[in-house]
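Shared between the two complexes below is subunit A, which has subunit B as its partner in the first and subunit C in the second.
Our next item is the complex of A and B:
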């Protein structure tokens, strides 16, 4: 029976099911086929592609690199974002202006800014090495060495997404209740103690939410890498998404890349759920 | 102690501000350089360090082999982003209202499961859907069209709209609907006459997030369009891989990030009013 309550839900639900669910089911089917440049179409080769995924060292390395990259960048974003939010939370001179300024990077297109960052990190003509040179530091091989490229991606990620942490955490700080602070002041707690015993526990739910949202988004990283380093030098900055992209849309191994992407999806869902559970126990457990 | 703290804070805020504006300032100064100024190493101040030229900016509005046309991609980007955001916002708002006011049940599936289904789509890495999307749009004859991209972007943005609006409606008291309905409105009438006009702050926040994620997407535009439809992020990346001079690249980048940088002002206003806090939990 269609009633008025279905008028609200059904359009969106059906749209999403049509656009997402069918492609997903299709990917699952394709992953059991040998579809590639030579053989297009849906044959059935069993779990052969999956066997290949588990033996594919390059994929597992990309996954390890992705984990390292997202864990480091999200921790940096959180720490810096929280520090910035705390710094402009109470009245500061020019606070309004600083807030707007700090939000701007997350509004900019990652690939477009990566194009600019690439010129910044240019070894001989870019300002990064020029400025370091003013302090007597020799030229850093930003994009041509494995460590340099990894750090460059990290810097760009922190620049781009710290504002997102800042936004969520500041919005949280603004809506905190006043009473616990009065109580802390009466107890004579200093700035440091007030932060650890009042602010941090009150912010725990928002902290968990913000960390998880950012980890989800970071696990998909590929735009920045594509423009900044193309996964290089070698495979030094190749993330999972980027590796699957190479296999699927460049080498055109459709069947194999479908299997890769499904394994990747399952690993992401499982590990993000585990991280979410751990965070909940760690942070909320402490409050209770 | 307190003074030390204050100095530390000021230094931190100053340092971070510098880091934030640096790439923009660098792009701005580069956009006024010519070949000589670029190849002589990093320079910063026009007239002092180098003689400024406007070719970076003029080349963007010149058509033909000499120019890089930014107008076409800008219009395509704006069209896709705006249409997809509006559609997602409309569908998402209706669904969020339904989920916050009625009970749906399909076997063991409850409201909370449906909400989770919507929001969980954000976890899906774009690469998982890229190939089926490609084949699906090919079947529909919608590859390389604005329509095809809008379709895909709706799937991308709908979860965001549902997520923000569900939280927003949870904060609007149900008595408001009930009052409208005792006045003789149908549930649908109550939504359009009473609830919707009271939802502007939520709609603004949700709409902004849709605009940000739509305008800034690169991957789907990159895999699903070629020559007929070109969005800004894809055009700049294809410029980047050819021998396009830095001055045009910089000017192009500045123009394509400018519209959303202005959105930051609106976000800040809603944040300091506290309307954002409900939307993020």
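Our next item is the complex of A and C:
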């Protein structure tokens, strides 16, 4: 029976419907239409758009590229973030200053930072090649070769988002119980052994959370690619989200880009669920 | 009925205002040197009263076009009492911000500023320019090319306020230097002349690449080109391919065969153009394959490279007062081709005088929405925006993005008056005005879905430039995608639209 108390749930439910359910359902409906620059409105063309998605080689290539980029960048962010968090975990001189310093990249606007990085990587006028030149290293084609452009995007991603990993892992570290460390000390465990036997397993739940959050975010990479390389050279740095942006907002193929987005969403949900399960089995299962 | 009345009233008003003499009133507070006589002069606009009425405008982000829009909107509001709201949108969002209200039948904006090649997508949503404005003093002086660009199915639906085209820019301190000429002759066996073909362009660029020919201690390079995939690179490719693919004796379509609507983008002329574009990369400055328009402007305008081709911006930058290469640059027509693909005979034709195919590319334009309830005020604003004094003022400021589009703008004295050297001004004016007279011009693919076609082409060209595919493979894939787009849009719909472009290219308009 509905009672007056249920009406208190109404604002939250309406918000949920407005910001999550409606856009999702609308996108699903749009994906079955031919809404395009020359065809406005929601006609019905069945699964034609989905047929196109499965035959769209460029989309699948961009997805493969995105997977590689996300896995490498998140792994690097985790490793560096963990190392930095461990470095300032214990009371160190200037620790508070370092914490703020490490967080600065995350607090900057990605588009603005990408513009700055593009200047840094400018091959004839940017400082990156000047600095390398001081060490006798020749000019690196940062943005004009496929490998260079991929690495450049990777560097910007790692630079910008390692602080996020650092923040989460540091929060995890400071909340760890002291007792296991006392026990390890009594047992005579050294620093290395304490890390692998105590810190790392205790941090497993936070690690999984941090990795999944970052993988979700990394899989949406768009602004860095847009500003830094526009997906080039050729298609060397074209990621799925950038490709969907091109199809949707540049080409104005609204119906098709809705289908691309939904296929992409399903792939992301499935693959991230599998990754989360694997991480649980690897990290938490081992502890258990 | 209401519309007809408004239009008639507007026509009467504007005809009456044509007779308004330049007022003795001083309008220099608006930043112009003086008010110039014309239909929509400051004095004529000052005589209008739009108090209590609102005009909504969407335009590009500041500065390009966005800054003059904001400036003239403020002036228009002050002169007429209207409330003028200007929305600035980054380029990547501009199309959808205009298109979505159109498609959903919302009267979001009265006036729009956008790239003229979107006319094929927007045509059905635009109000025709009333006769009174077509006959205004400013409009009567617009060159036939840009009147044509504003016209759709015989009716003017865009309001010209900019004129764009690609042309060659080069350093005169190198090309006119007798010692350099002698050395070039000794080293290559050829005279150093302004390249007449793209093969010559590549040869000259390669010769001068990676050497300090201006003696400033820094390396210089051969060519700066817009080569970044999604940054107007499609225009650079069309400029390079045009003389090989646009045969002066073959009519009926450059991008498509108008009769069959089969794409021509993978025919040998385009492939040759792409192969030479790929070859030219060796003469780009470091990172040049990732140069967008801004980089190209900076590279040539900043004195790093010997040659370049694109819009006016780099030329204007090179000749600004603070430029270290001021008056050391000149303009010339885009290089041509000695061999041109003839698609009717399926063979290459040889030309003793290289075939030129000037590319009237892009250009900003403006229009009034057919859904607007303030069409009269909208057209008055556009007429004021592009009045004689404002056009003259805006062309002097490179970042505004307003370039010559009226006969009056092709005046050497005007440019020497800006401090340009005779040769710099003369070659600029001659190059631009000769393009107007060419009978073998190429225009943008102004059809519904133009962004899809250009995006597909840019991707194919970028793949070939990056070595992922050969020129032929890349353009074959583009042609296949173009056929798919054509099928989705519908051949007849596309043919109807494309015939507007072919009319201009075949000089039938």
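Basically, the second predicted complex is superposed on the first by the 278 of 288 C-alpha atoms of A that agree within 3 Å, B and C clash if a C-alpha of one lies under 4 Å from a C-alpha of the other, contacts with A are read in each partner's own complex, and residues count from 1 in each chain.
Here is the rule we go by: contacts are C-beta pairs under 8 Å (C-beta built on N, C-alpha and C of every residue); 3 or more make two chains touch, one makes a residue touch a chain.
The structure presented is a predicted model; accordingly, all values stated were derived computationally and were not measured.
Student: On the A-aligned overlay, A:32 touches which partner chain: subunit B = first, subunit C = second, or both, or neither?
Tutor: Neither subunit B nor subunit C is touched by A:32.
Student: In the superposed arrangement, which partner chain does A:23 touch: subunit B (first), subunit C (second), both, or neither?
Tutor: first
Student: Quick check on the superposed pair: does A:142 touch subunit B, subunit C, both, or neither? Answer first, second, both or neither.
Tutor: Second partner only.
Student: Applying the document's definition of touch, where does A:40 land relative to subunit B and subunit C: first, second, both, or neither?
Tutor: Touch partner of A:40: subunit C, not subunit B.
Student: Should A:124 be classified as contacting the first partner (subunit B), the second (subunit C), both, or neither?
Tutor: In the superposition, A:124 contacts both subunit B and subunit C.
Student: Answer with first, second, both or neither: which of subunit B and subunit C does A:172 touch in the superposed model?
Tutor: first
Student: Go through the superposed model and pick first if A:249 touches only subunit B, second if only subunit C, both, or neither.
Tutor: Touch partners of A:249: subunit B and subunit C.
Student: Let me test your reading of the model: by the given contact rule, A:112 touches which partner, first (subunit B), second (subunit C), both or neither?
Tutor: first
Student: Which partner, once the models are overlaid, touches more of subunit A's residues, subunit C or subunit B?
Tutor: Comparing subunit B with subunit C, the partner touching more subunit A residues is B.
Student: Under the stated touch criterion, which partner chain does A:206 make contact with: subunit B (first), subunit C (second), both, or neither?
Tutor: first
Student: Go through subunit A and flag every residue that touches subunit B in one model and subunit C in the other.
Tutor: 124, 129, 226, 249
Student: Under the stated contact criterion, what part of subunit C meets subunit A in this complex?
Tutor: Touch list, subunit C to subunit A: 92-93, 95-96, 99, 102-104, 121, 219, 228-231, 285-290, 292, 304, 448-449, 451-452, 455, 459, 462-463, 465-468, 488-490, 493.
Student: In their shared complex, at which residues does subunit A touch subunit C?
Tutor: 34, 36-38, 40-41, 58, 121-124, 129, 139, 141-144, 146, 149, 226, 229-236, 246, 249-253
Student: Touching subunit B in the complex: which residues of subunit A?
Tutor: It is residues 4-9, 11-13, 15-16, 19-20, 22-24, 26-27, 30, 80, 83-84, 87-88, 92, 96, 98-113, 115-120, 124-127, 129-131, 159, 167-168, 170-172, 174-175, 191, 205-206, 209-210, 216-217, 219-220, 222-223, 226-227, 240-241, 244-245, 248-249, 254, 257-258, 261-262, 264-265, 268-269, 272 of subunit A that touch subunit B.
Student: Of all residues in subunit B, which touch subunit A in the complex?
Tutor: 5, 9, 12-13, 16-17, 19-23, 26-27, 30, 38-39, 41-42, 44, 91-92, 94-95, 97-99, 101-102, 104, 114, 117-118, 121-133, 135-136, 151-152, 154-155, 158-159, 162, 186-188, 191, 212, 215-216, 218-219, 223, 232-233, 236-237, 239-240, 246, 249-250, 253, 256-257, 260-261, 263-265, 267-268, 271-272, 274, 276-277, 280-281
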